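Below are two complexes that have subunit A in common, paired first with subunit B and then with subunit C.
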Partner chain A sequence: MFGLGKKDTTVFVVVIILALCAPFILNPFPTGSSLAQFNAGYPDLMQRFVIFGIFAIGFNLLFGLTGYLSFGHAAFLGMGSYAAVWMFKLLSMNVIPAILLSMVVAGLFAVVIGYVSLRRSGIYFSILTLAFAQMSYNLAYSVLTPITNGETGLQITLDDPRILGSSATADGSIPVTNLFGLEMRHFTTVDVAGWSFNFSVGYYLCAVIMILAFYVAVRIFRSPFGMMLRAIKSNQQRLYYTGLNARPYTLAVFVISGMYAGLAGGLMASMDPLAGPERMQWTASGEVVLMTILGGAGTLIGPVLGAGFIKYFENIFSKINDSVLHGWFAFLPDGLENFVIAILHPFVGKGWHLTLGLMFMLVVIFLPGGLVEGGQRISRALRRDKPEDNGAASKASHEPAE
Partner chain B sequence: MDAIILQILNGLDKGSAYALIALGLTLIFGTLGVVNFAHGALFMIGAFCAVTLNRILTLSHQVVDESRKDFLGNPLKVDVPYVNDWFGEAAGATIIDWAVPLAILFSIPVMIAIGVIMERGLIKHFYRRPHADQILVTFGLAIVLQEIIKYFYGANPIPTPAPDVFRGSFDFGVLLGFDPNVIIYPYWRLVYFAFAALIIGGVFAFLQFTTFGMVVRAGMADRETVGLLGINIDRRFTIMFGLAAAVAGLAGVMYAPINSPNYHMGMDFLVLSFVVVVVGGMGSLPGAVLAGFVLGVLESFASMNEIKSILPGIDQIIIYLVAIIILLTRPRGLMGRKGVMED
Partner chain C sequence: MGILEVKDVNKRFGGLKALSEVNLSVTENTVHAIIGPNGAGKSTLLNCLVGKLIPDTGSVMFDGQSVLGRKPFEINQMGISRVFQTPEIFGDLTVMENMMIPLFARRDGAYRLHAFRSVESEAELRSRAEAMLEDVKMLDKRNMHSASMSRGDKRRLEMAMCLVQEPRLLLLDEPTAGMARADTNNTIDLLKEIKEKRDITMAIIEHDMHVVFSLADRITVLAQGTPLVEDSPENIKGHPKVREAYLGEAA
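Moving on to the complex of A and B:
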């Protein structure tokens, strides 16, 4: 289907179903039940899932296929956000031009940064991208304040020109981002026997774009171009000896990956028209690295899973506090209850980053293929008694391209 | 002229910190071939060694002081540190005052222990994995260490004062024949620079003039041959890892009075230190030290108003800019050896 192989079609259909049914899947507990706090089906969080999914898919194209570890990818996301907000300020509140411009801007910067950084590889490439990202961050914070509005962040105001739109709505408030009149923040809530599901315009726009982005990524993975990138990862030297110059390929994928980041930044600004320099900080770049590795670098669905996983736990874990823990462990005798809670306390609530760091370390140490490899190992262990060669085939197609 | 000297002096203390961290990073990279992203965290833990010792020394119990009354007329309860009980009031106060220098002694065993545990427990398993994996696992470790410190000490910076003797500033200009109060420089920064020079000298002397150092240098040049000669090079490299951790820790301890320690100071320094290492040349110890000082001084020059008015924002990006230029024009850094990670 759509020029995809049988296996890829399955994965693609799974992604489509996950993305389109997310309001149901992420709301498994009835509203008002004690587990309702684990529901993630509200628009804001779902939007973040798919936006960071796009970001991670793009990062994975670079890191997963070529092995070039960029530690400055968040810079492109930040630039995309700024570009989109400027489009809202100057042109109109329609999201389409904003998203297009954010991709173009991020792509242009990626051409420049990539052209310079890709002259080196390995750790030097990481340091160079890191240096460029930190430079962008520092400049956005200080000298470029007229463009970026410094620490406050760039916002839309009432006196922006907005040539094709209006500076203010009829009742004098700031207009909201829309898609040809369809407001991004608009959502309908459907109540079904205790459950309430939110269907938000903004989320579905992001989800459709993510499905498109995923489709493009699959096509790149399976194309001769993608094969070339894997060749660069496995042995660049040998590629040179066969008379091929690797740099145009790496630059191309760097730019594509930067445009994915810009797209994510543009979407982020479309959902909430605001852009700040902290989006470009190197910890933000570190986050997308975490997502990709945790999900499984070099796999198709891994980055999406990783992004969803991290964003879900970031929101849900940090909401668990001591009283919630007391509620859970109330069945234990008092002393034991307090002991268990004392053990768990550092890992939940504000300590969520500790859990994340530990989880990440465990994944890098024991599961270099990330969650996807974990899933494969489990399924292989379950099917071990059945002698079939299907397992080997799926392994070949999903294994990170080393 | 005076402004230039002042900027050089200002650059030296930051440069010292860069140089010390970069030295440790290079020791680890040169011996074990591991890119350690957790090195900034070690620096941070060093600074928190100073905080911890400060807290231990000021542990106190309440004593009812009959001679003083609070505003209700009740006898006043005074906190008396235990050290005052043990050593007398004057000596106790001095000990508390000198908590940061004393933390040097406290931090060395702690840091060496942390370093050795880290190497044996984690890094050892990553020698054969690609550099990207090493970066990732140490990055994870850095997050974990940072969060542990945050859990115990909170997110706010903790002021850790230097001894009273070093408070105040030194009028450096008078020595050179300038007017008073033109070039003044805090004493503690002078101490920091001297301390850094001492540590750097010590590490170099250790590597240059001891048998142990000779073996380590031989191992850096050709690990396999040294191993074939029947020397347990792995154990020595483990010790070097502990030493590198101690260097980072000491840099942190002494830096505590300059910048109140907070849990993310390590990450802030780490990025810059990596840039320093790369500029100096991966695996080159003198390169790391030189680049540390050069970049520190350049950074403080760039923050001069005269320069900022010509090139606005240059102070924010100068280090990265220099690093990019060096990396592109001289792939192995200022003093890197030929053939060490030149790709």
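Moving on to the complex of A and C:
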């Protein structure tokens, strides 16, 4: 189906279902219950899940297939955001031109940065991309203030021209981003017996684009182009002596991957029309590396899982503060309660990074293939219980990860 | 006039004269061995043929065209394939994928970004890859991860990857170096089979006399960067200069 193999079709359908049903899946707890704070089905957060999913899918095309570890991918994300906000300022509040321009701008920068950085491989490539990203960050922060509005960040204002739209709405406020009139921030909440689900226009736009981005990535994975990229990772020497020039392939995938980042940046600006230099900072570049490795580099669905996982932690785990802990452990005797909370305190709330770091270490040490490998191991262990499936399970271990 | 013509090639590394006045002509459809003791310049010569090194002076012509200054992938596109001393294959890929890559290189040139076609749909190339695997008796291993195979199988696969490109000249760099006797004999058999089945021109750099005398139609003996003699295997065997180069003056 869709020109995909049977296994890929299954993965693709799973991604479609996950993306379209996210408002239900992420809100499993009734609103009133004590676990409601673990619900993540808010438009704002769900948008971030899929946008970072797109970012990680693109990063995985480069890193997962060719093994070139770019440490400056956030630069393209930031450029995409700036391009999109400029489109909102100059052209109209419709998100389509903004998203298209953000991809084009990120792609053009990727051609230049990739052309220079790809002359080296390994750690030198990583350092070069990091250097470019830091240059972009500093330019955006100070030197290019007329374009980027420096530290404050680029915002839309009432006196922007917006030649195809209007500078201000009828009641004198700043217009909002929309898709042919459908406002991005618009959402409906449906209450079903204690649960409430949020359906947001912005989220569904992002989700549809993520599904498309995922589909393109699967096609690239299974194409001769994708196979060449894996060959580059495996043995460049053999590739050269087999009559193939690696450079055009690596540059092409670098640009594609940069455009994915630009798309993510453009979507971010479409959901909330502002762009700041901090989006280009090296921590942001590092985050997408973490997402990809945590989910499973070189796998199809891994980056999406990794992005969701990290964003969930960042937003939900960080909200657990001491009073929440006190609520949970109230059943313990006072002394013990305080003791347990004192131990847990550094790992939750503001200390969520510590938990994430530990999780990351555990995954890298015990599951080098990321969460996807974890899933495969579990399913294999489950299948082993059924003796008739033994053959299939051991066969699966020889097949390349999807 | 041979398909490969090396004329007056010199190569220096600092004070060391690695190659001096090397002349070599490889005739089409023959197996030409280049032998010589350690440090004779065999590998330097080979590297000059595949674009890894550029000679200081002299010319290397392949089928009437100079290969000097061309990159390895361009030289391969001219029709020269190379087998390495230790098998160089795509270890992360399956055997079948390993076979598809040289076929794509031959059909599509040095690069072509087929990002939306699937590898599965290339039926014609797949059947050619399968036929080649059948030839080297590896068809049953086509879905294996190539890194997990034995060294002998890796060598077979690498040969198959080179042969499937239908090269006009196949260069082999000590194909049996570091192999046990049994593996060496297997490799000899494989090469003999290849030679019998198809018209192929091969140039072998080799150390092992057993391999050379079982395969070569023509032998060039290299010593201290200069060709000593070029002759048929029978004549080389008893040649006094060859004995001298290998065993020293006293012999």
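One rule holds in what follows: the second predicted complex is superposed on the first by the 384 of 402 C-alpha atoms of A that agree within 3 Å, B and C clash if a C-alpha of one lies under 4 Å from a C-alpha of the other, contacts with A are read in each partner's own complex, and residues count from 1 in each chain.
The rule we apply is simple: a contact is a pair of C-beta atoms (placed from the backbone, for glycine too) under 8 Å apart; a residue touches a chain by one contact, two chains touch by 3 or more.
Since this is a predicted model, take the numbers as computed values, not measurements.
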Is the arrangement of subunit B and subunit C around the shared subunit A a clash or a fit after superposition?
-> fit
Return first, second, both or neither, reflecting whether A:61 touches subunit B, subunit C, both chains, or no partner chain.
-> neither
Any idea whether subunit B or subunit C touches more of subunit A?
-> B
Could you tell me if A:123 is touching subunit B, subunit C, both of them or neither one (first, second, both, neither)?
-> first
Partner chain(s) touched by A:207 [first = subunit B, second = subunit C, both, neither] = neither
For the superposed three-chain arrangement, angle subunit B-subunit A-subunit C (C-alpha centres, nearest 10 degrees) equals 80
Touching partner for A:358 - first (subunit B), second (subunit C), both, neither = first
For A:141, select first, second, both or neither according to whether it touches subunit B, subunit C, the two together, or no partner.
-> first
Please work out whether A:234 is in contact with subunit B alone, subunit C alone, both, or neither, and reply first, second, both or neither.
-> second
Could you look at A:132 and tell me whether it touches subunit B, subunit C, both or neither (first, second, both, neither)?
-> first
In whole Å, subunit B and subunit C in the superposition are separated at their closest C-alpha atoms by 14
The answer for subunit A against subunit C in the complex is residues 3, 5, 219-220, 222-228, 230-231, 233-235, 237-245, 248-249, 252, 256, 398-400
Partner subunit A, residues of subunit C touching it in the complex | 50, 71-73, 76-77, 81-82, 84, 88-94, 97, 100-102, 104-106, 108-120, 122, 143-145, 161, 165
The answer for subunit B against subunit A in the complex is residues 35, 122, 125, 129-133, 135-137, 139-144, 146-148, 151, 267, 271, 274-275, 278, 282, 312-313, 316-317, 320-321, 323-324, 327-328, 331, 341, 343
Once bound in the complex, which stretches of subunit A touch subunit B?
-> 67, 69, 116, 119-124, 126-128, 130-132, 134-135, 138-139, 141-144, 282-283, 286, 289, 293, 346, 351, 353-354, 356-358, 360-361, 364-365, 368
